[in-house]
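After this come two complexes, each holding subunit A, first together with subunit B and then together with subunit C.
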Partner chain A sequence: MKRIIGIAVLLLVVYLATWIMADAFSGRAVFMSGYNQENLLRRIALYGILGIGVSLVIITGGIDLSLGSVVCLVGVGVPWLAVGQGWPMPVVLLLALVLPLAIGLGHGLLVTRLRLQPFIVTLCGLLIYRGVTRGFTQDQTAGFGNGFKALRWLANGEIPLFSGFGIPVPLLILGVVAALVAVFLNRTIYGRYLLALGNSEEAARFSGIQTDRMVIVAYVICSFLAGLAGLLFVLDVNLAQPVDFGNFYELFAIAAAVLGGCSLRGGTGTVLGVLAGTALIQVLRNMINLVFPAYQNMEYAVIGLVILAGVVADELAKRAVARQKAGS
Partner chain B sequence: MTSPRFLAVAARFLVPVCLAFLSACQKSGGGAQQFAFVTNGVDPFWTLAEQGAKAAAAREGMDVKVLMPAGGAVEQKSMLEDLLTRGTAGIAVSPIDAANQVGLLNEVAERAILITHDSDAPASNRQVFIGVNNYDAGRMCGQLVKEALPQGGAVMIFIGRLEQDNSRLRRQGVIDELLDRSHDPSRFDPPGGEIKGDRYTILGTLTDNFDRALAKANVEDTLSRFPDVGCLVGLFAYNPPAILEALEQAGKIGKVKVAAFDEAERTLQGIRDGQVQGTVVQNPYMYGFRSVEVLKALAAGDRSVIPADKFINVPARQIRKDTVDEFWKDLKSKLGK
Partner chain C sequence: MADNAQPRLVANGICKSFPGVRALHEVNLRVFPGEILALLGENGAGKSTLMKILAGVQKPDAGTIEAEGVVIPVGSVQEALRQGIALIHQELNLATNLTVGANIFLGREPHRYGWIDEKAIAAESRRVLDLVGLEIDPSREVGDLTLGQMQLVEIAKALSVNARVLILDEPTSSLSARETDRLFAVMGDLRERGVSLIYISHRLAEIQRMADRVTVLRDGLNAGELSRTEISHDAMVRLMVGRDVSRVYQRTAGTPGATVLELKEVRTPANPSQSVSLQVRAGEIVGLAGLIGAGRTELLEALFGVTPPLAGEIRVEGKPLQPQHPRDAVRGGLALVPEDRKKQGVVLAESVRRNLSLASLERDRLRGFLLNEAAESEITSRMIRELRIKTPGEEQPVRFLSGGNQQKVVIGKWLAMSPRVFLLDEPTRGIDVGAKQEIYQLMETLAASGAGILFVSSELEEILGLADRVLVMHEGRLTGELSRGELSEERIMTLATGGPAGASRANGSDHQA
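Our next item is the complex of A and B:
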């Protein structure tokens, strides 16, 4: 819990600052409008699923750079097959869930059996999946047009609460994913194995943990969640361009995980922290669009600076704690 | 600890920044109606449109934000949502993919005045489209190719992407003109294969998705694969400069003909130097200017600005060596250079 206090405070500050800047001076509920809060929650849900996935891999001391391209592969592939090629939707959906599992299994096997570095394996994945997607679609946008309204409810639907505000359905999906992963990580022996092997793979192996199997599981879950997010993204936006759909999403996901307390050295990380990290990035983007639209082209710079500030503050806080402990 | 000094330094930086933030907030929070002009990407072409939009906004005393999504359709969507959140009264947008954005555009149209510019979304509830007839403009570019290669020859087409209505029509116009086909904007030759006509062969269409480095690489690869290509056609603003760059490095400048679209400086210089046959220019400045004017009229309840066919044509023009200087001078004055 202690690990996520910093990020939670930062999130709260940015959230309140955005609220004040956007609403107080305009005298209207802009940021705090039901419409905007719903948009915000939906974006957090979509990006959060990616963040949770990659955090599992980061906990093992690995990395997954292929997320964005898996988002692209599934996000473009589903409408392309269902609308463009006329495949039945259940078959397409099954494929959309199974293919990422296979991709994750491939990554895991290459990392554990061939001892390839995760960075390289998933970097190649990044290139391959996007290239393949651009190839089979001939770079054409794929979309649902007016169809599949019921299915699209999964991404753009809501459970109405009160006038003008409802819980976006993807948030419920995120809730289920987050709960399952949190239970897996903290309440099952396998989650403990995962954290242990992230801390020291050798020690974990010597204490009898089947480390390879656990690493593979992490990659499989990660790719699966990327595929799920890709599906939800395209259901939300209704179209996907092979060339830029999901571009850079792996970095947003990794940034959210690191902000949320995952160490790239492995061994630490919490689901709540990752969610807070994701929320921070999305609130920042929302703030720039609502309050400083004229500086929208500096969005990446702002996000970069805030992430850097968060990580630096975290590091300084850790050192202060260590000094205190040493002193006492 | 150095914290007091650190705090002093931090305060010196933070206070003015905060004050600037606050004053920015107060300004934007004024009672005046807000309008927005949203592009489909980031490009000097859109800088011209921005100038037009701002000039009109200044003249009409309007608050107009110009937004350029760098992250494709996902970012354009969240940008439009956030504009609605801010209570923007009217939005002019160039949709990235009209067919699949109908739902989003209709959502915008429900809560604000919506018009399209540059690329249309005829199936949506947009009130009017301001732009060029891209098919006709493409045919004008085809005429430039014919002038450059009167005996016929092999032609390669370079373009940013083909998903957009405007780029598809523009490319089709070039092809139909070169093949002397009838006027039919609904025709579509899939990219990839070679298209052979009586005098002209279209070798293919290469896309680069706004990646300038890739745009140049596409030209280089074409030069290696088709050494006897006769004319290179660049259909997005940055394509002709990429073509000229690659030709220069290959020592083929002036030998391979170039037909251009839009008004990048390098393109205009190329026309002046005789390296480019000519260019077809849209009028992005007027896209911005007219969009803002029309938004203002619609916000005031004046619907007389909407023609019966819901299309405000900002016609394209051909610029050749004899007209390039005059055009360029006018362009510079619009950009305040």
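Our next item is the complex of A and C:
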């Protein structure tokens, strides 16, 4: 819990600052409007699913760079097959859920059985899945047009709360995913195994834990959630271009996990932290949009600087605590 | 060393604290030219901290250091090196991918016009390697050397910067007997040349053999000093622990029961051409003796499924076991207390509670996969109580426990599974004298409760004091078996070095004699 207080405070500060700057400068409720808040929550939900997935892999001490390409594969593949190739939607959806499972299994097997480095395995994944998607679709944009309204409700729908504001449906999906993963991590023996092996694979194995299987499970869940997020992303925006759909999403997800307290060395991480990290990044993007529209092109630089500042502040705080203890 | 000579190095009133720990308080130390000073103390007594301060790696909170009678600035490695003080770490600091010569000159390569002067490196390397009696080619890669050779390269490196005070931190802990002899010869030679050596070790016999003087630390304080004539095993132990302890542990022998562990011609990946057959009975403590590299750890790891055995038959209480993964061995009733406690025994970053329950989570699970927190709490509090694990609380990260208490956590983790056979690999390595006794008692208790115990130890005293029966390994095979009545250091060493079976009973299990 202690680990996420810092990020929670930072999130609150950035949120309030955005509110004050955006709404006070313009004299209108542009940030605190039902429309903007709903959109913000929707994006947090979609990116949050990615962040939670990759945090499981990071807990094992690994990394998954292929998320964005899996988002592309599913996000472009679903409309391309269902609309472009005329496949029945249930078959396409089944494929959209099964294919990422197979991808995760492949990553996990390569990492555990062949002892390949996760960075290399998933870097190759990043290249392969995007290349495959672009090749099959000939770089043609895919979309649902006016069809599949009911299905798209999963991503762009809302549960009306009061006039002008509703809970975005993806937020409910994120809630379910987050709850399941939190239970997995904190209440099941497998979550315990995952944290233990992330801290010391050898000690966990010497305790009779089948660490390879647990690592594979982490990669499978991660890719599956990336596929789910890819599906929701395309259902939300309706159009997906193979060239850039999902570009850099893996980095947003990894950044959110790290901001939220996951150590790239493995062994630590909480679902709440990852959610806070995701929210922080999305509020920042929202701030740039609303307050500094002239600097839109600087978005990555700003996000990069804030993440760096967050990590540096965290490290300095840790050292201050250590020094304080030393002094006592 | 003459008493009226000027000390080469003097530390006065050194104090140093770390978060929550007072590592050193008003500690004094002197070392004279041409002297081997042994620095002795239990783990956590402050030896390593003091050495790091002398070498400038750490800065003391208070106190001064004088070299040749002149106060020198503290907390600077450069300054210490300028005064000729060199620290040789227990874990060697060599770049294994570079050559011997490159290591000796790392960071101060002689050069001409920007090009490294390989000739100068070769010549100077040859000179210092000769000083330590190493006949290896300086152009060999360090990674190809044995540990003992690497140690000597480290010393040669220190000599090449004109070290006049060499600090050796447990230099023999991973050396074979022959390598140790060689190192001691070099140390004696350096002493003749007037070099001062400060030598940290837990091995009292070695100190007795080598040291001119012993300084003992206890709980961060000077506990006392022994001159050459006063050095004896008992005197050293008395100063270390502050009380008299019997020289070796004496096991109260029990009556062993039925066979719990049986190996028939088991072949391990480490020594595929050799096979091992042995038996351990319930209530019996069997020692596995041998030199480093004899294949003892490899045998235990094969039994436990870490590196599955290639062939042979293993039975636990008569039931066949084919361990392909530690999980199979655990289910079959085995427990392994591994050699590398910090890496393989405990998850350092996790709490006492999580470590104690790690092995039994699966057995105690609810609804197929949920944690059983009640069972976990019960195991945690029971093990802390029964094994007298000293910890401020269940949530304390194991990292902050002492070595002895960490080892108790490893044993407690397995005790929760009620294994039939305990395999212990160097169970008291890196554990201080007081805690060793507790581990010995614990092993006896385990045996008394009906478990079979097979333990590896490189400390002969430990084997002599604890084992009901001793099996000796040499180059992957058993070379002999000694019953309690037949035990002696000489017999064990003879078998361990592959010498004639002598007085020992023929083992008969090795068809590859």
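Keep in mind that, in the parts below, the second predicted complex is superposed on the first by the 325 of 328 C-alpha atoms of A that agree within 3 Å, B and C clash if a C-alpha of one lies under 4 Å from a C-alpha of the other, contacts with A are read in each partner's own complex, and residues count from 1 in each chain.
Quick note on the criterion: a residue touches a chain if its C-beta (ideal position, glycine included) is under 8 Å from a C-beta of that chain, and two chains touch if they have at least 3 such contacts.
Note that this is a predicted model, so its numbers are computed, not measured.
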Is the arrangement of subunit B and subunit C around the shared subunit A a clash or a fit after superposition? fit
Return first, second, both or neither, reflecting whether A:207 touches subunit B, subunit C, both chains, or no partner chain. second
Specify the angle subtended at the CA centre of subunit A by the CA centres of subunit B and subunit C, expressed in degrees to the nearest 10. 130
Looking at A:190, would you say it contacts subunit B, subunit C, both, or neither? Reply first, second, both or neither. second
Looking at A:145 after the superposition, I want to know if it touches subunit B, subunit C, both of them or none. Which is it: first, second, both, neither? first
Using the superposition described at the top, determine whether subunit B or subunit C touches more residues of subunit A. B
Shortest Cα gap between subunit B and subunit C in the overlay, whole Å, is 18
Which of the residues in subunit A come into contact with subunit B in the complex? 21-22, 24-28, 30-31, 33, 35-36, 39, 43, 138-141, 143-146, 233, 236-241, 243-245, 247-248, 285-286, 289-294, 296-297
In their complex, what parts of subunit A are in touch with subunit C? 187-190, 192-193, 195-196, 199-200, 202-210, 267-268, 322, 325-326, 328
The residues of subunit B that touch subunit A in their complex are 21-22, 24-26, 28-29, 36, 42, 65, 67-68, 70-74, 77-79, 81-87, 96-97, 99-104, 161-163, 190-192, 207, 209
Residue numbers on subunit C that touch subunit A, as the complex places them: 17-20, 304, 306, 325-327, 329-331, 336, 338, 343-350, 354, 358-359, 361-362, 365, 369-371, 413
